[in-house]
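Have a look at this one.
By written order: A, B, C and D. Residues from 1 in each chain.
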């Protein structure tokens, strides 16, 4: 059950150039937020800009009732947010959307870049807290243009899951695209754990490449999409993405999914933001 | 002090004796829209609250005056390609293109939930011609759980969608055909993209509309200078939000003075104060649209704010506010 | 690399060969509004720059494309009682009521200063009937220092002021009468408070207008809930500023596609990016209005921003931007 | 010659409940601002609210190039201003309007209240810097509802001119209206110095009462008016006040002024904000 809160700002710090982590006191949201879900954030008196901005929940401290988001400054709204200070309040509502679906068996690869990283960190931290077997069977792959644009590297390291990095300029980790790393990991994990599920969030081009690799490799892939979101809770029909009709038989590890030729629009905010990669019509 | 002792020239009083008496009790928020009695004057606008399911997660639907559901059409509509929305100064543009489940699934899948939630439902419909409007209205007549019908005469986002409410004859004909097809109260929702809103409102009333609601969105456009492309795939879209409030308020004021049926004010309402402006201008009720995107609970906040203001100002009933605008003696007459 | 070696399908290029060549020199900002040649496409809008004297304290007037002076009428006008202005979301309402010095003092007291300042002057006039429009135009014809005449067909703040530009016949008749009365280029300034802006623009062109400028203000209203009075003594006023930009841009786009004369874009322009949106939509030039109140130098900032953008994008002349909006293959046709 | 400046914010402090003093670095404005003149102030990226807000210049430090304004928080714009911090910038243009006209002879009374005080402080400080004779022949009268709403009391004391206070509740100085103090001072100063000029800025009711006292007492009175001001520099005609037509013969102490029955609108921003009290049509 999502809530609307005037949330006290507890902390606000720059974690990378033009990237900030904002900590808000929002107990009902912290109590239920899941990886992949997001919140709508807005200055309490915003009229211009008018609409709230969607941000993935990066951390939910259920005990303290706090949530953390990580945002990049891109436009008007995020520029205004940089001026927010502890002691003030932000309007926030959520948690919104369908979270990633984590299976208790097999292996998993979390692959992303840019501001796709926050939901993957939340997922990685969840995997890290699970039994040793799960932690060991989880790999995080993060890409960025240069080393200083990598996000939350130490946080990922602290989770205990495997972390590999890639940079376009080779300043850290693999010299090239993060997607280069995916196929070898899938093969290795498939051989060892049987099934592999891939979770991805980041630039469209990257997610699309990941989706294709997974489709070719026959492994499941969940993508976390973005779209402009006036409402964020499913009432405006503004945030749609074209998807294929889906059919599904069975449950859990025995479920079989298929896709019809019929295409229609789904709301990224309410039907997603996490979708089965095969459902998404990428070329629209 | 008995009310007899109060000064008699009540024109000069902010609080009239009657208001003061009434103020002792909780104010009555009930209002009448023609034959329809609503528990309060605050509704959510069509297209900004879906069919109520998602909103119900934030707002007890039975607290609101009414839920005006997303426009439904004869057949399901897939809507326009994205991008469908963009932000503008103190407002937004949308070109959703009436994505909706169609009348049959509305009745079978959506209405039961609303009924169970205790919501007062105003079903908003759009036909491609007069006959289809009538057909949709007839279909809803038999169905339980619909309190009134609102005619979307003015959706600017589908081909030909503007025609109905920019043409007085077509407006009148549509209202008349719908009235003949249903016993439900009929509200005609008007477009602001016209030279003479009063003429259109009069035509709706002549056609038998029990009320008029206004405004729908203003047609607008935005361009992304970097890509040199329109920000909406549909090129143009409907402008809503605080930016349009002054235009909406002016039109409500003009129409309320010209027609005898209740007027429902819509356009840029974010706060109770905004809603009160519309009531003072002559609206009997209001609809909250885009503001719901900024805060899903805002319609309740508006309602509670109106109630508080009435209490602070010793108002016994909403009707005392409606049209309560004070004008100087020598008001210039409006050009139209 | 010679331009021959460049890929031939220039549609897919952000920078076309021609643009690249031209980009080496400082871009040419000169534009033509019919017979009128302006040094650049940025003007100040009527009613927002007085008669230039006060603005000259902040902006060298000879740097601007033109100064469009405050509407002048046959006789001086005292204007409406205050309050004449109020702020709205991302905009403002005004009901100045055409306070002006009248045509004779405009010519004797105001024009000499503008001439000396080297300003390109577009004189904005309003008559109470067609004959008066023509008379005003005739009076200006003989006077030096006026480059063109803009017809305020659309001031919503004087009784009857709307009539001209909401009526195609009257619009055409006025333009024709004015054209017959003067050799100066004539620009018809249009009101957005109409159902069909294209029909009005076509009428202006049929009447002989050398260009059309749009938009004037949208009629709006605001109420002070505390006093329960209109915020303007005139009750209604004209809405301007960023709030109206999407409506202005849409109308400019529609009109630019429909008429063969140059279009001047007006409405909510605050930055060079805003101005570029209008140029891309088909405007040959722009006017900056309300923004001047927020920063008296803003018209120069807009001009410099356009120049910078042209340089960055290898544009040789403004004409390359005009109407340069890119549309997808399957653009839905506009309802109107 | 007025300028438009993106002015660095140097200091910002609360001087009374809901009253702030903002110090801006704006050398060209500081160089020429006179008492009674004002500046238009705006956040550099304001779109809502859109228009700049007019504030009297309270101090102009010509040496440092700084100006100070004192503002009361009343609505949206001033509420946003309270969040401004040293290190940031504000957009400011000015100086605007006609200043008070100070005569080098006779005596003068500065009378005001509320946010009418800032221009009077600037005037008082100017008088205080002049020869001893001028300082001695200057009286400042300030009224407020309660003692804690009196503004700049120590600053006035430091100028060396005579300061008298009045409060509605009697918590400091005269118990009653500040206008009660005016007539006795006028009589006393007239007897001693021959001519008296009164300068007033504050609530309309107060200024009107001051104007009437002056008219009855036959002394000159300059009022500093307020009006909503979209532009502040004379181009929009939005800020008008109804005035009588004026005629004038002679100069300096020998000037004689009179008023015709003809009434018309003048711009408060450009033709004022300082007007001859007799010029103003008070009952419109």
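One rule holds for everything that comes next: contacts are C-beta pairs under 8 Å (C-beta built on N, C-alpha and C of every residue); 3 or more make two chains touch, one makes a residue touch a chain.
Quick caveat: nothing in here was measured; it's all calculated off a predicted structure.
For the remaining chains, with subunit C not counted, a single touching-connected piece is obtained.
Once the centre of each chain is set as its mean CA position, subunit A and subunit C turn out to be 47 Å apart.
Distance between chain centres (mean CA atoms), subunit A to subunit D: 57 Å. Averaged C-alpha coordinates put the centre of subunit A at 38 Å from the centre of subunit B. Centres computed as Cα averages put subunit B at a distance of 34 Å from subunit C. Of all residues in subunit C, those that touch two or more other chains are 89-91, 241-242. Subunit D has residues 47-48 in contact with two or more other chains. Taken chain by chain, the contacts link every pair, so each chain touches all the others. Within the complex formed with subunit B, the subunit C residues making contact are 80, 88-91, 93, 156, 159-163, 166, 193-196, 218-223, 225, 227-230, 233-236, 239, 241-247, 249-250, 253, 268, 273, 276-277, 280-281, 309, 324-328, 331-336.
Taken together, the subunit D residues at the contact with subunit B in this complex read 47-48. Subunit C contributes residues 47-50, 53-55, 57-58, 70, 78-79, 81-87, 89-92, 94, 96, 99, 241-242, 270, 290, 292-297 to its touches with subunit D in the complex. Of all residues in subunit D, only 1-4, 42, 46-52, 91, 93, 227-228, 230-242, 264-265, 270, 284 touch subunit C in the complex they form. On subunit C, the positions that touch subunit A within their shared complex are 89-90, 242.
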